[in-house]
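Okay, so subunit A shows up in both of these, paired with subunit B first and subunit C after.
Up next, the complex of A and B:
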């Protein structure tokens, strides 16, 4: 049994211009010790997936219309609010993208990390204070005793992101969801945070869902990748297979449009057009209006996510043939 | 005839007075030739945007000079400044904030012609607007719409079309693609490359994405804490950088190739950017540099030619294309 299993998840939001379906039947699973990257561009549904797992979909306007999220055998969508809140933070933890917004500006960071233990009624060995100092040391904050008493504004962006990570791993959760944790950071700081996350995954057997739009970070950190487009998963594959021989035309297009630092590439090959308006998705396959392989069938039938090889799936009527 | 289009000498931009002003741009010199693209890279707070704003005269220079096509930008005012603005135009980072939401596209595009009478006669505005829209990959009917009806990538195309209305010789692009998704970013990068060829445009291309900069630039300049610490042709900068900071910057960029995971030499810098109000003595990078010795604290290194790569200038006492870390 997988650690976390999401099945046929549909999430919608009421907006001024009509009901939009942010997730249109998303299914994936996460194993222990695995890093699964959710890769997609803005509006593809990556962050909504994280919100749904963490019970953070604002209701109203949002609602989970159908589907299931099973964690360690239990159906999360059937738990009471209290039971879910208890799980969140202790067994499933979220690292937010914007650490400055996620931290409380009027409390010292040490107090905020300690709050994780207080709220969940834990008594770490040696006391909460020692646990906080140990965590700060582990995430590479120099002079932790003094820094624990400082406020979020006294830290740089990279340090604040480290503190978010410390809070997320404090109670040794089984699932860590990282929502674009390096996007707002400069490259040299991003490298530090990616290294820290790689260290954390080596030390624990937690499963990690890594949400990003950055192919480079995916290549550095992920074991498996689920590519999202317009509220669906369009391809899943292990990271090597995806980069070497992607099957879904969108994945292929995404890889070709990425400039590289290590080669003088010729002209980039962009994907024509732009992501569809979620209020008026094209009929059939949502990618067909930008797809070089689209045919009549694509406008009529939504392609299901089907197995295209061992451990890999693609949702396409005309997938790219194996390299 | 070999006069550079833009010649910047010892340009500084300090904020605040008193004993410790923030030295956002500090004694910077460089040139851009006609038709050339100069990439400017550096992390947040290094002074990229302050430099751009000073060049566009959106803020005063503290000292130094910047000459565009024979005209001193830092001293220009009135009529002269008005003419200068015709020659240099800017594409901003945020396509959502840089277009007036209440202006129809035809007015947005033709506004510069209204401000510069004589550029294009009014009778031809519509025709020229359509031509511009088509040259950036939009269509004639888009002229009658409002910015809210466009996607991010399309808005950036509009921003580019508007920057081209007065046929500038220098286009300053301040993070023009960083707000865009990867698939759309490639469209805009290709568009800029094509326009540049067709119009012999010179560009100052500011970005923090090194891969994009490598793709579009002829030459590249790396900034750290208000100083240019290394500059040269892109082949030299990207294949044999000699400044430790450039090396660290490049090694930190994740490569989109999982096979290279763990095989690449990664230099992870310690610590954060020091405050530009109180930069370290001597070399400003020394507090994070693994090669720093006592000379680095005493003497500020100047940009010096390297023999290891053609055209490379590096400001480092211990410059070496071989990373010793």
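Up next, the complex of A and C:
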């Protein structure tokens, strides 16, 4: 049994311009010790997926219409609010994108990390204070005793993101969801944060969901990739297969639109058009309006996510042939 | 807040105070000649001149001003004409009453507004929010003299459970406090509600939820402290206003505070009382502003001055 299993998840939001279906039947699973990248453009539903798992979908206007999220054998959507809260932070932790906004500006960072232990009534060996200092040391914050008393605005962007990460891993959760943790950072700092996540991943057997639109980070960190488009998963594959041999035309387009150093081909091929309006998605396959392979069938039937090889799936009527 | 910063503030405050006192000196003399008020209408010109000489009003305005300025610098505020006692002694008897009245009313208004505003923000758009909105709008817009008179009519005249006016035990404080409470309460509820809604939608509140914090902790530990600053600013402004006396409320209830003393002083052309009151109130406002700044820095580390 997988550690985390999301099945047919549908999430919608009431907005002024109508009901938006942010997730239209998302299914994926995560194993212990695995890093799964959720890859997609803005608005594809990556962050909503994370919110749904963390019980952070604001209701109203948002609602989980159907589907299931099973974690360690328990159906999360049937737990009480209080039971969900108890799991959050202790067993499933979330790292936010923008650490400056995500850390509370009026409390010292040490206090905010220590709060993890306090909320969940944990008493680490040697006391909470020592545990916080140890964590700060482990994530590479120099002079941790002094820094723990400082406030978020006194840290650099990279340091703040490290503190977010320290907070998330404090209680050694089973699942770590990182929601674009490197997007707001400089490239050099990005590499340090990715290194830190890779170290954490090696040290624990937690499963990690890594939400990103950055293929470089995916290549460095992920074992498996789930490509999302317009609230659906359109392809899952292990990271090497995806880069070498993508099956869904959207994945192919995504790869072709990124610069690569390992080929002489210096021409980038952007995907034509733009992401569809979530209030009025195209009928059938949502990608068909931008897809070079689309035919009549694509406008009529939504392609289901089907197995296209060992351990890989694609949702396309006319997938790209194996290389 | 460093000591040099404090000194700089104090120096600016001293300059402002000097300008204020100078204008007070000249303005209060525009109210008229006290001699005409204190002597009977048919008093002889000789008696009038004698009193003017005794009060030093016979000399040129400039000579009076420099004498007065020298006295102020040595903290001598002169004798009250009406009370026939040192003016500052009279002021220092009234000032604590006003400060206590204002502090009680504001502390109650601030506390109640934090609770009501937070509850409204958590239930934004719901019927509780709407109820709080109506109540706070009404409290913010009702004039305090009307509230005072209605309070007297209802509780003192009809029910006879509270005194109409005067001063003494706690019972004399109920109506004045209630009247001064209303407007700050209404204003602060609106401010707390707005800043709480903003804080509750902030990313760090999502973080707190993701950490597993319960609703109460999320609202009162994470959101509220961030939402406090605007409420503290407005409370500081209101405190500075109240330091000048509860104005109408002190007069309506015959409450022996600095506001009533100041108004009586102007009516009685008691120059020394007016000047001493203005000086004392200005010093109190300076202290309130320093306290608000310190409170600011203790609530939000980002405004701490290096």
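By our rule, the second predicted complex is superposed on the first by the 318 of 323 C-alpha atoms of A that agree within 3 Å, B and C clash if a C-alpha of one lies under 4 Å from a C-alpha of the other, contacts with A are read in each partner's own complex, and residues count from 1 in each chain.
In this section, a residue touches a chain if its C-beta (ideal position, glycine included) is under 8 Å from a C-beta of that chain, and two chains touch if they have at least 3 such contacts.
Given the structure is predicted, the values throughout are model-derived calculations rather than measurements.
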Subunit C versus subunit B on the shared subunit A, clash or fit after superposition: fit
Subunit B versus subunit C as contact partner of A:240, first or second or both or neither: first
Touched partner set for A:219, first subunit B, second subunit C, both or neither: first
Which of subunit B and subunit C A:115 touches, first, second, both or neither: second
After the two structures are overlaid on chain A, angle v-u-w for subunit B, subunit A, subunit C in degrees (C-alpha centres, nearest 10): 80
Contacts of A:270 with subunit B and subunit C, given as first, second, both or neither: first
First (subunit B), second (subunit C), both or neither touched by A:188: first
Partner touching more residues of subunit A, whether subunit B or subunit C: B
Closest approach of subunit C to subunit B (Cα atoms, Å): 16
Residues of subunit A at both interfaces, subunit B in one complex, subunit C in the other: none
Footprint of subunit A on subunit C - complex, ascending: 202-204, 206-214, 217, 222, 225-226, 299-302
Interface residues, subunit B side, partner subunit A - complex: 43-44, 151-154, 181-187, 189-190, 193, 208-212, 214-215, 235, 238, 248-261, 266, 268-269, 272-273
Partner subunit C, residues of subunit A touching it in the complex: 54-56, 82, 85-90, 93-94, 96, 98, 101-107, 115-116, 119-120, 151, 153, 167
Footprint of subunit B on subunit A - complex, ascending: 41-42, 156, 158-159, 186-192, 194-195, 213-220, 222, 239-240, 243, 253-255, 257-262, 264-265, 267-272, 274-275
